[in-house]
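Letters A, B, C and D mark the chains in the order given here, with residues in each chain numbered from 1 onward.
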Amino acid sequence: MIDKRAASSDEAVADIFDGATVMVGGFGEAGSPIELIHALIDQGATDLTVVNNNTGSGEVGLAALIRAGRVSKMICSYPRTANSTVFPELYRSGRTALELVPQGTLAERIRAGGAGIPAFYTPTSVGTPLEEGKERRTFAHRDFVLEYGLSGDFALIKCRVADHHGNLLYNKTARNFSPIMAMAAAITIVQSGEVVAPGEIDPECVVTPGIFVDRIVTVSNPVQESQLVAQGASYP
Amino acid sequence: MIDKRAASSDEAVADIFDGATVMVGGFGEAGSPIELIHALIDQGATDLTVVNNNTGSGEVGLAALIRAGRVSKMICSYPRTANSTVFPELYRSGRTALELVPQGTLAERIRAGGAGIPAFYTPTSVGTPLEEGKERRTFAHRDFVLEYGLSGDFALIKCRVADHHGNLLYNKTARNFSPIMAMAAAITIVQSGEVVAPGEIDPECVVTPGIFVDRIVTVSNPVQESQLVAQGASYP
Amino acid sequence: MTDTTPAIGLTRDEMARRVALDIPDGSYVNLGIGIPERVAAYLPEGREVIYHTENGLLGMGPSPELDEGDPELINAGKRRVTALEGASFFHHADSFAMIRGGHIDLCVLGALQVSQHGDLANWSTGESDAIPAVGGAMDLVAGVRTIYVVTQHCTRAGEPKLVEICTYPLTGPAVVDRIYSDLAVVDVTSDGFQLVELAQGVDFAYVAQRTGAELLPIRGGSLRGDA
Amino acid sequence: MTDTTPAIGLTRDEMARRVALDIPDGSYVNLGIGIPERVAAYLPEGREVIYHTENGLLGMGPSPELDEGDPELINAGKRRVTALEGASFFHHADSFAMIRGGHIDLCVLGALQVSQHGDLANWSTGESDAIPAVGGAMDLVAGVRTIYVVTQHCTRAGEPKLVEICTYPLTGPAVVDRIYSDLAVVDVTSDGFQLVELAQGVDFAYVAQRTGAELLPIRGGSLRGDA
C-alpha cells in the first residue's frame, strides 16, 4: 500500500542537510508551513538557501529560522513586509545574502524547475536594474531576458487535505507557491490539516497530484503566524 | 452582469476568419468539440492552421474540416491514428502541410503562448531528426533545444460544466489540451454540456478560470465521434 | 488610512473614484497596494469588473468585517479579502501566466516617478541601505495591457513625480498609459505628457508648474482648463 | 491480440510478465502502446504501482468491460481505461511536466531498433511516403529516469533490432537502460550490450547470433547461459 504519511514533523524533516536548498510555501502567513519550519529549527540544519516570496514576520516560522542564523541565502521577491525585522538586520550585517527575483519570474522559474525546463525567456525586468547580468534577446521586435529554472532539495508546504498517495487540496489563497514548489523539489514534505484515504478526494479536483509529494504529516490545528506575532511569541 | 453565453454554435464561430490559427481541444475523440467544428465547417472559413494532437477520424469533426479543404496546415504530434484516412491523403498530395511537434513540446509551446513566454529550452528532440532547424544549447552539461511559444487566434474546446463567467470543469481525460489552448488563444470558444450560474462551481475546483474564456455554447448531448465513425457518418 | 481634505486638488478617495470612472465594464483588473486598492469601492453602479490578485484569486471581493474572514484568504497586500460568486483560486505560476500572457485588461498602480515616455519607477528609491523588494510590480507592468498610475502629483517635499527621466530605479520602461493625480489626469503619449483633465479649482499653469517635464494642454481645451 | 506460442523464446505475454517482475513497488510508471500495455496485468502480488498516461491521468486502472467505460476516459493509445482510487486528472502541460521534470520513475516502450549506446528508434521507419507521427515518445525518453524497452529480438524478416547504430530515425540518444526481448534480458552499459538473462531454451550463441552488435556474456555466468 502506498502510504506517504510520516510519523511526525521531526521525522519528516530529519534528512534535511546543511547547505540544502529548501523551498518554503506560503505568501505571507497564508500557506506558511509553520510547524514544519519549527521542526527544521529543532533539527539544526544550517547554511540553507531558502526560497519563499517573503522572509517571514515576527520571530516565529520562517523569521525564526532566519533569526537562528540557519539561512545563508534568501531567494524571494519581497523581503520587506509588516513585522519583518529579522531579515533586514541580518541582510544589512551581511550575514544573509539575498537574490531578489520579480514575483512572476520567481513563480515561473520554480515551475520550470519542476517541469524540466532549464531556461526560458520573459519580458519581466527588461530595462530595469534587475536585468543586470541577464542575457537579453529579441523575439518579434520585443526584448526579453533569459531566466533559469529553479529546483530545490526539499520543499516544505502546507495544505488543507491530503490522501495517502499525496494528492493535495489547498485552502483559498494559501495555495500560492506550494503546488509549483512540490513539483520543483526532490523531496516534498507536506503538513496537512487532514489526511484521508485514497478515493476520498475527487480526482477532477486534485490540485497537486501525489507524484509530487513524498511525505505527509498531519497538523490538525496549525498555529496562525499573525496571532503568534501579535502575542509577541518567538521560537524556540 | 458578465455573461459569456452565445446564442448558438453558429454565432460563436461567426468571426473566425480565413487564414486564422485555430486551436482545437481534444486527444482523439476525448474532448473534441465536434459541434463547434461542424459549425466552423458550415461557416466557411478556409486556409486555416489547426493545432490539435491528432487529425481526427472518419469523416466527421476535425477530419471533416480537413476533408473539406479548409486546413492548409496542421500542427500536431500524431497525425496517424485508427480511422484517420483523410489527412494522410491530403498530406501526400501536398494540399495540407504538417508541422510535427513532440506531444510534450506541443503542450509546453501552447502553455508558453498563453503565459507570455516567447521561447524556452527543452531536452525533447535533441539528437533526433526533429531537432533539425532548432537552436541547440547546453545547460549544466546537458543539451537542449529552443522552442517557441504557440498562440492561436481562436480556440475551440469542449467541457462538462461552465458558468456564465467562463469558469470551466472538464470530464476526465477529455481535459487534455483544452485548458492550455484556452490560455493561448485570443478568442476562446467553449461548448459545454451544462452551463450554470456563477457561484455554482467550487472556486477551489475551477480548472480553467473564466479570464481565459470568451464565448460559451450549451451542447447538452454532444455526439460521440467514435459512434459516428462506426456508423460511417460524414459531415456535412 | 485617514483622508484629510487637501488645500487644493483631490483627496485620495476622490482620486480612487476618478480612476474607477474609467474602468470598463466586464474587464479583468488588478489593483496595486495603497490608493489603487480603494478604486474598487467606487466602481460606478451598473458595471461589473472581475478583480485579480496575483497571489491566486480571480473574483476578489471587498474586505470582510474587522476580525472576520480567513487569514488564508488575502490579497497581494496581505490584507484579508473575500471571494465573490464565480471566483477561482489558482497557484502562483498560473496567476502570473494571466499577467504575463496579457490576459489582465487593466492594472492600477502607485508610483514614485513616471517619465514622459511612460517609464515607471515604483519599487525602490535606490537607497543603498534599503532592503530591495520588488514583488509583482515588474511582472504587472510587463504583462498587463493597460497600466494606470494613481499618485500624488508631487512628493511631500514638493518634488514633481511626473518627470523627464526617472531618477529612481525603473519598474519598467514605456509602460504607463495614464496618470491620475490629485491635480489632473494626464495621458502618456508619443509626444509626452498630455493633459486630459484638471481637478476642480486647479488650472493648467498650476499643474504644469508641478510637472517635471513638458505638459501638453488639453486638446481643443482652454489653457486655463476650467472650461 | 492473439498470442500464439513461438517456436522458441517468450510469448508477448511472457515478455510482459518478465518486465513486470522488475517494476519496483511504489513507483510511478508510464507504459507505452503495444506489449508495454500488457505489463500492468502481470505485476507481482503485493506490489502497488501508480500508472501515468500522458493524456492526463495518474492512477490509471485496467480497461473496463467491453462496451463499458467512458469514451472520455482513455489512455495514450486511445483505448478506454479506468481510474483507480487516489487517481487525479490534469492537463497536457502538467502531464508532460511530470515526464520532462523527471517525476516518472520508469517507462516501458516498444522499439524498432536499440543501439549498443542505448539510442532508441521507435517512432519512424523513415520511409519517405509515411505520415510522420511521434506522439509523446521523444518526451518520455528525454524525461523519464529509467527506460525499459520490450521488443522482439528480431524483426519478422529476421533482422536484429539490437544494433551497433540505429538506421531508423532516433527517438532519443543514449536513453535505454534495459531491453526485454523474447530471447533475453539485455542491459545497455558503457561497454555496450550486457546479457543479463536468457529465456528458457535459448543459449548465448543463439542470442548473440541474432544481436546486431557485440553481446557481453552474463557476468559470472556460463556462456551457455542455461545455468
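As a working rule, a contact is a pair of C-beta atoms (placed from the backbone, for glycine too) under 8 Å apart; a residue touches a chain by one contact, two chains touch by 3 or more.
As the structure is a computational prediction, the values presented were derived from the model and not from experiment.
> More C-beta pairs touching across which pair, B-C or B-D?
Between the two chain pairs, B-D has more contacting C-beta pairs.
> CA centre of chain A versus CA centre of chain B: separation in Å?
Once rounded, the distance between the two centres reads 34 Å.
> Taking the mean of the CA coordinates per chain, how far is chain C from chain D in Å?
Chain centroid spacing, chain C to chain D, equals 57 Å.
> How many angstrom lie between the CA centroids of chain B and chain D, rounded to a whole number?
Centres of chain B and chain D (C-alpha means) sit 30 Å apart.
> Going through chain D residue by residue, note those that touch at least 2 other chains and give them in order.
Touching at least two other chains: 83, 89-90, 93, 96, 99-100, 142-143.
> Multi-chain contacts only, two chains or more: what residues does chain B have there?
Only 108, 111, 115-117, 122-123, 170, 172, 204, 207 qualify.
> When you draw the chains as points and link the ones that touch, which shape shows up: line, ring, star, complete, or other?
Chain contacts: none of line, ring, star or complete; other.
> Let me know each pair of chains that touch one another.
A-B, A-C, A-D, B-C, B-D
> Okay, in this complex, where on chain A does chain C touch?
27-31, 53, 77-82, 87-88, 91-92, 98, 100-108, 110-111, 122-130, 170-180, 207, 224-226
> Which residues of chain A touch chain B once you look at their complex with the stated criterion?
Listed in rising order, the residues of chain A that touch chain B are 108, 112, 115-123, 139-140, 142, 144, 148, 169-170, 172, 202, 204-205, 207.
> Under the touch definition given earlier, write down the residues of chain D that touch chain A in their complex.
So the residues of chain D touching chain A come out as 26, 28, 48, 50, 52, 58-59, 83-90, 93-94, 96-104, 142-143.
> Quick check: in the complex, which residue numbers of chain B touch chain C?
Counting only chain B, the residues touching chain C are 1-2, 111, 113-117, 163-165, 167, 183, 197-199, 201, 203-204, 206, 209-212.
> List the residues on chain C that touch chain A in their complex, please.
Those residues of chain C that touch chain A are 53-57, 70-74, 78, 83, 89-93, 95-96, 99-100, 119, 124, 129, 131-139, 142-143, 169-173.
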